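Chain naming follows the written order as A, B and C, and within any one chain the residues start at number 1.
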Amino acid sequence: MKKRLTRRDFVIQAAITGVSFSSLPAVLAACGQGTATPSSSKPSKLVIAAVQGNEDGPLKKVAPAYKDQTGITIEIVEFPYDQLFEKLVTTFQANGSSYDLCMMDDPWMPKFGTLGALQPLDSFGFTRDSDIPAVVYDVGTWPPPHGPVPPSEQGKSQHLYGITIVGNVEMFMYRSDKSGAPKTWDEVLSNAAKYNAASFYGYVIRGKATNPVSSDSLPILWSFGGNIFDDNWKVQLDSSDSITAVDFLTRKLKKYAEPGPENTDAADRSRLMAIGQAYQSTVWPGEITGIVQDPTVSQVIGKVAYIPMPQGPSGKGLGMMGNWLLGIPKGSKNGAAAADFIKWMLKTDNMRNYVAQGGIPIRKSILNDASLTSANPYFPALAQSFDAVPNWRPRTDQWNAVETVYGTQMNKAVAGLATPKDAMTAAADQIRTLMKNAGYPS
Amino acid sequence: MRRNGLIYASRVAAIALGMAVVGVLYAFPLYWLVATSLKSKAELYASTISLVPRHPTLQPYVSVLIDRGFWVLLKNSVLVCASTVVVTLAVGLLITYPITRLPVPVGLRVGVLNWALSLRFLPPIAVVIPYFAIVRTLQIYDQPIALIAIYSLFNLPFAIWMLKGFLAEIPMEIEEVALVDGANRWTAFVRVLFPLAAPGLLAAGIIVFTFAWSEFLFALILTATPNAQTFPVGVQGLVTQFEIIWNEMAAAGVIAMLVPLLLMVIGRRYMVAGLTFGVIREK
Amino acid sequence: MRAGRPRRSRQERLAYLILLPALGTVFVIVTIPFILAVVQSITAEDGSLVGLRNYARALGNPLLYDALRATGLYALIVLPSEVLLGLAFALFVHRTVRRPALRATLYVLAILPLVVPPVAVGVVARLIYAPGYGVLNVILMSLGITHQEIQWLGRPVLAMLSVASVDIWQWTPFVYLVLFAGLQTVPHESVEAAQVDGANWWTQFRHIELYYLRPLFLLIFFFRVADVLRVFDHIFILTGGGPGTTTQLLSLYMYRTEFKFFDMGQAAALAVVVLISISVVYSLITRALPLERA
């Protein structure tokens, strides 16, 4: 037999429930340790959100020197590439103060710039140093000084939001003990055919889905005259030049590539080169310092040479930027101190020290310093790449989505699941819809 | 008779052989995890893969715990998971005790149990952003308490079902005897019921600990620094863009395995009972 | 009788007193995100209300149905395998292994996959299946079974089987443990009686053990289905959803919408749809196969 609740019982229960609800936040907050208080004077530490891997290794090594000189501890919190981006976006959307500085891959700049997530560096007194390539300042400026500007950002005044601390520009590596430097992509192909052998792959394709294959294929796309967008944000992926480029990579070069290119990432690619099973491939400086030139794991030291990107049929050899910038989140309470740290990193002496720890510099004087070339054989190629003004990825806040679509279709083409034409047509259609929904001209 | 025996024996032998093959397949990934954790970096880059580490070394373990400072994350994991067990069991008891030991309408009992089970169907990815917003509003971002709350929530279904099984099995008379003797509910609970339910609580606690131990998504989103980051976040961090540090990753995996493994081995007597969720009753 | 009634109602009141605050708090904590998700799903990036547009986009996206298909296929592969394998092992060990020491060892072996972090499982799987350095190919080629590298992660069918195999490896022991424990509670007398009657193992299973195990089967089924809808970690590391979108299961798809496309509105709409669908399906199933009888 059911018992009815009397009014008294109901009131008691409601009161208890209400009390427990209202006290819950207080209890939780009391258990927490409180948030950072804004500091007007010098902070005792700065927190940097960094990307885990070769890119932040040298940063971690030089950070203690900053403490010795200024007394400020640098705490570096590391995340893998994907998670760093998510962490930063969620932090920015909540205007969090957890991080005083953040490392950003340059393609993320448009998203952060559009969100207004960073503190402008020019307000901290940064001016252009002639020893640093102009393109470094350009890539850290929002809205971008050249190339198409997203519609919502046109009319905004330009500010510098980030400065490069890892001068990544995508280059090309090949076994110099076997041949001379290829000048064009056609030479790359013929060399690949010539030297391909069992367990010695003529060309290694970094074909894993989304970011990896996108980074690997864009320089080829550009060198053939193709592109993702033109200057008015019109999608160009299904143009004949683009499809030719994709066909070159996924059909012609693939003949001499390692098995399973659709699953190969940078780590796998550099490993193949380091153990002497690859003849040539594109490469990022981070892989060079971390693996290919690392004496503890590499069997090919002294046998590999580095050059800027070979030229395509259009006569252009377009390298691609992948700089890692250091910026200051808007929510940081230690903006001035953070800016001081960035300035410290850029000082020539400190940068030399940074290079000694395996860092990738951006100062022209250091890159062209002949005394450093034997320890860092890729410096001349990097200097040349900077001078040639490398391309950067499309400056749109939708880049993540675009890269995901493009990278998925490219991966299909590399895997042989779709023809170059079908893959690029599908990608072009999806990206058109995506951009249209985001308010770009179509 | 003998022929039957022979056929029977050969059948058992065949099945045993099949089981052995499956056993090898099953154990191999575990072996490979441990083997990889003992290899040096140079060996990972050798041209041929060796099935047994050529120069086994404990360097990856040292590197993970000390050089990378993961012992802090390990400490956080222990703190968060232990607290989760306490909170989950407490809340679980608050919900399970009334519906198993006190006269409530049958509909309520069935309803609560079914609702509890349905919580398990909640895909974390569907609710991670709203929880992030809540955590920020309550200002408990990057604090262990946020993880404890979420983990308790997601492990509650399991705990409720296990506790329900254990509590329902204990005869009502035991408590009634204590009540008739003059004790109130609370004393009856502490003195009489609790000791009897302890094995069940232990089993539930161990399982909750294990599930909370490996959780990754919320740990990543709701924390920002080693203040509250747990071990799985660190393990994932070894998968970098340009290099997957295989040996350290494997070492971290082995370390992560050891704590819950130890718990499960120590508590194995209760585990067997706990795993049937008390659904099966002794006839 | 009359003296008994006030006491019972007091007990009932006590029950509600204990139950409702705890239940209520949990209920609120569970429902708030749902409400937030609903709100987010009907707002645009600039905060204005846009009605059901996000739902139309979410449901109209063909990638959603690819993800559902992939999830369904995955479930079809892993659920029967895990249940049948786990049952086979449980029966086998229960019938033929008598020594407690051996049983204890098997127990320890069986819990190992449960305590390895999913990330580590994914990494080991990658070390086994990856092209180039994957140890599986190395073993197969050295045994002479195959002469060319098999692209475990590159071909769609093989990729799905590879990620499914990891799931089976991880969860079959769980099924084994649960069913094995269940078999322990089967009364010996019934079994012996059946054996005396000359029943073979199949009849014995069908008529005696199955009866005791039925509720456990249901429970396992529910938990595993729930987990398949949430599976993420090891697939993310092993294939990232590839090749193409062949192994992009539901949670990977939602992750991509949320964190790659940053389409918060669509992600929220998707979340709401998923939550509602699951609730509906769940109530239908529990009505047909009640776990907890009155």
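As a convention for this text, contacts are C-beta pairs under 8 Å (C-beta built on N, C-alpha and C of every residue); 3 or more make two chains touch, one makes a residue touch a chain.
The model shown is predicted, which means the values in this text are computed figures rather than measured ones.
Ranked by separation of Cα centres from chain B, the top chain is A. Between B-C and A-B, more contacting C-beta pairs join the chains of B-C. Between chain A and chain B the centroid-to-centroid distance comes to 36 Å (mean Cα coordinates, whole Å). Here the spacing of chain B and chain C, counted between their Cα centres, is 14 Å.
Across the assembly, chain C contributes 8, 12, 16, 21, 25, 133 as residues in contact with two or more other chains. Residue positions of chain B touching 2 or more other chains: 133, 149, 236, 239, 244. Counting only residues that touch two or more partner chains, chain A has 86, 271. Considering their complex, residues 12, 15, 19, 22, 26-30, 32-33, 36, 48-49, 51, 91, 94-95, 97-99, 102-104, 106, 109-110, 112-114, 117-131, 133-134, 149, 153, 156, 161, 185, 210, 213-214, 216-217, 231-232, 235-236, 239, 244, 246, 249-250, 252-253, 256-257, 260-261, 264-265, 268, 271-273, 275-277, 279-283 of chain B touch chain C. Interface of chain C with chain B (complex): residues 8, 11-12, 14-16, 18-19, 21-23, 25-26, 29-30, 32-34, 36-37, 40, 85, 89, 92, 96, 104, 107-109, 111-121, 123-128, 133, 135, 138-139, 169, 173, 177-178, 181-182, 184-185, 187, 212-213, 215-216, 219, 222-223, 225-226, 229-230, 232-233, 237, 250-251, 254-255, 258, 264, 267-268, 270-271, 274-275, 278-279, 282-283, 286, 290-292, 294.
Contacts from chain C toward chain A in the complex involve residues 8-9, 12-13, 16-17, 20-21, 24-25, 28, 57, 130-133, 148-149, 151, 153-154, 156, 239-245, 256, 259-263.
Looking at the complex, you find that chain B touches chain A at residues 41-42, 44-47, 105, 132-133, 136, 138-143, 145, 149, 220-221, 224-227, 236-244.
Remark: chain A residues 2, 25, 28-29, 31-33, 35, 47, 49, 51-55, 75, 77-81, 83, 86-87, 90-91, 94, 96, 98-99, 199, 211, 265-267, 270-271, 274-277, 284, 286-287, 290-291, 296-298 touch chain B in the complex.
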